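Below are structures written as structure tokens.
Below are two complexes that have chain A in common, paired first with chain B and then with chain C.
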Partner chain A sequence: MSSPEPLTRLVRLLARLPGVGEKTAARFALHFCLENAELAGALAAELEHLHERVGPCARCNNLAERDQDGALLCGVCRDSRRDAALLCIVAKVQDLVAVERSGAMRGRYFVLGKLLSPLDGIGPEALPLAALAARIEQDRVSEVIIATPPSVDGEATALLLARELTAQGVRVTRIASGVPHGGDLEFADQITLGRAIDGRRSL
Partner chain B sequence: MSSHIVFRRIQVRSFRILSSVDFEPAARLNVISGDNGQGKTSVIEAVYLVATSRSFRTEHVAETLSTGASQAVIAARIEEAGVVREQRVALGARARSYRIDGKRPASLASYATQTPVVVFHPGDLTLVSGPAAGRRRLLDRVALFYEPVSADHRTRYQRALRARQATLEERGPRSPELDAYEALIAEHGVAFAGYRRRTAERLIELLSETFGRVAAPGLRLEAVYQAGGSEDREHFRAALAGRRLEDRRRGRPSFGPQRDELELALGSMKARAHASQGQQRVLALALKLAELSCLESARGADPVLLLDDVSSELDPARTGAVYRFLEAARSQVFVTTTRPELLATPELVGAERADFAVVSGRVSRV
Partner chain C sequence: MSSPEPLTRLVRLLARLPGVGEKTAARFALHFCLENAELAGALAAELEHLHERVGPCARCNNLAERDQDGALLCGVCRDSRRDAALLCIVAKVQDLVAVERSGAMRGRYFVLGKLLSPLDGIGPEALPLAALAARIEQDRVSEVIIATPPSVDGEATALLLARELTAQGVRVTRIASGVPHGGDLEFADQITLGRAIDGRRSL
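This part shows the complex of A and B:
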């Protein structure tokens, strides 16, 4: 059976989305085609202008909506109640969203966009270190919280940043690694539990 | 007292020559016979794989798929202390999945330590005659049962080590990220080195006992563990920093547990180079028996034994020792052989022994 060429093209495009396989893509495409032409139009309009309207924040690389003057500044950077002297460094926008959801961060963010990964040819010069240094200088940041993931490359990036930033005279902290709230100790993985014990606090 | 582990049912689909196999083994001895090339070894390889997540024949599990199949599935019903669980492995060309009672295990290490099995097969000879990597793999497998977290440290250690080597080779010995990766290598390397040493100490202790059981009297075994790294974090870091130029030139890291050796000597002569083939076989067998004792004490259960064509590798006297050992062991055993008539077991009653014939990848009860 051969389906119309535009439909095949659409399926192929949809199947490139994360978490979407060939079958789901075909289901989506048929839905747009047969059942919900309106949704197809609305989606097309949004997608067409997405990159004109949304882009990386000029100060922290978080996602931001472009204002009338064409400037890109995200909600967090525009929020004057935030403590500018406290800066949280994360690897990806998704991580920023996760930290933000916790409600525990009252400062601002800096999104690296990538981690060191020598096996993929990513070295320190690929990290936005100059922009980070400028940001710290400008905002008179006094404490940097490094919230890169606890993977090998995340830890190596944290160590590299700690060295560079300490030289710049900033207080550098690393988010604690430990047991999830509401989790049972017996189910925690052992490296996490070991680190939780290393990083214990007195009561 | 250790508990009993018994495979009650084994189902295999599209695994090597086994297109569709479904059988119920006996609680003690299972004799799998057939001519060469019919799939005997594949049957016990499937049992090993569903228990450990790995194959003892290849590092590349994808190549075990039957020709033309997109997925191989091995499922086993396993009884332990009166409770039955199902373990299931699905292998695709790229993806693999592991399930215990339908649920994804917390980690691959936790899956691999559920059902302890020990395999004896002709390739074991390289444990003695081959490079140190095979002996390190044996130590790591045993360490998993004593200290499951060793696998996490090993994985992270190896990843950080590869990152350092790539940095050295592509960006030179002064790159600032080297300090960061070396700090991580030292952190995980110290933990990893500790697991290796403790495991080697346990294995060596049991090895001298198992060797005495299977070797000819008067043969003296010396087993020594030589650490390639350090258990002191500062020493580890300093050693890495001091070897950057050398490691870059050699194209591989020269310090760390990846250089560990389990040195085996018979009467002060290195077994790898100087032992006769018969002596190497006996030593390989003693190593496997020591692995068995280690798993038993660490896991508190009798490991299931898989013997692939062992009689072809040992002289008759040693073969006799193996079978006497099997008779004494309380474990469930799977044996492959081209000559089932050699395995007479009058002391085993009906339900304790089952005989299976393998012909062109099909398994049937005899």
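This part shows the complex of A and C:
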């Protein structure tokens, strides 16, 4: 069927969302068309000004809403109850959101934006190490929790950060890696199980 | 975490898409924020004018793009190679799209928009029976294929349509119901299997 041209364009854009294939995109597009005009209009209004309203926090790179003066400071950095001396380093904003959801972090964050990846040509010079050092200095951070993912790139980045930051005289810790909550030892891969044993704690 | 207000509004709108929960909506919203502004802007532009550009086809209720004169005629109704004497009745546009995808339909369509549903107070008077009769008259339709879903409401609607249209002197057929292609008889429910046997064909 030759579907209406605006619908085809809409499907092509929606298919660029993460985890959305052409079939799901078509389902969304039909929903926008067949629903009353309110949903499409409201979403258009939000999306149109999204990048003017929301941008990276000037202190930690988390997403922040622009205030009246045009400054970008995220909710975590604005929250005075947070412990400024505790800094959690994450690779990307999505990871920050996940850590926040856990409710286990009472400090602030620093979003790296990338990980060391020699194969992709991302070396230490590509990481915002100077900004991080300045932040630690300025906030008198006493402990840095490195929460990069337990992947090859994440571990390499953690090692590099640990070396740099220990030289700066700050306590550096790494999130635990092991069998996930509710997970089955029988089905855990050997690296995960190895890490769970290496990282054992006394009870 | 107090996430930026524009992000929260965006998540709330995206969660109204079919099959999208709050977590997926948040994933989409973050993607819009962290991607360059082009995707959000392009999607906003498409959505803003969607309901001016696309609307129900004047002849069959399929989705159609408005032409320069403001008229709405869908691709199927505009396609002169289609057999106007063969009319397929479907419940909704999504079903029309599915039938078109099969490539098995060389006629045109009529989208009912709803099904009989006594429990929801939808009786025969709510169905566009007059418009359907006029369409059959006008296009000199010789066969009507009823492709409402094989559900209680779909079957009831099919029976009503068959009675009305047979009186109009047109041949009325119903799509087959049975074990789906690649399906397992062992796991087919008893109604499906019963229908497959009732609808058997000689080989």
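Here, the second predicted complex is superposed on the first by the 202 of 203 C-alpha atoms of A that agree within 3 Å, B and C clash if a C-alpha of one lies under 4 Å from a C-alpha of the other, contacts with A are read in each partner's own complex, and residues count from 1 in each chain.
Here is the rule we use: a contact is a pair of C-beta atoms (placed from the backbone, for glycine too) under 8 Å apart; a residue touches a chain by one contact, two chains touch by 3 or more.
Since we're looking at a predicted model, the values are computed, not measured.
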| item | value |
| --- | --- |
| First (chain B), second (chain C), both or neither touched by A:Thr166 | neither |
| Partner chain in contact with A:Gln138 - chain B first, chain C second, else both or neither | neither |
| Partner chain(s) touched by A:Thr157 [first = chain B, second = chain C, both, neither] | first |
| Greater chain A contact set [chain C / chain B] | C |
| Contacts of A:Pro124 with chain B and chain C, given as first, second, both or neither | first |
| Touching partner for A:Gly194 - first (chain B), second (chain C), both, neither | first |
| First (chain B), second (chain C), both or neither touched by A:Thr24 | second |
| First, second, both or neither for A:Cys33, with chain B first and chain C second | second |
| Overlap of the chain B and chain C footprints on chain A, listed as residue numbers | none |
| For the chain A and chain B complex, residues of the former touching the latter | 116-119, 121, 123-124, 152-153, 155-160, 163-164, 187, 189-191, 194 |
| Parts of chain C lying in touch with chain A, wherever the complex brings them together | 1-7, 9-10, 13-14, 16-19, 24, 26-28, 30-34, 37, 39-51, 53-54, 63-65, 74-76, 79, 92-94, 97, 100-101 |
| Contact set on chain B toward chain A in their complex | 106-107, 148-149, 152-153, 156, 159-160, 162-164, 166-167, 170-171, 175-177, 179-181, 183-184 |
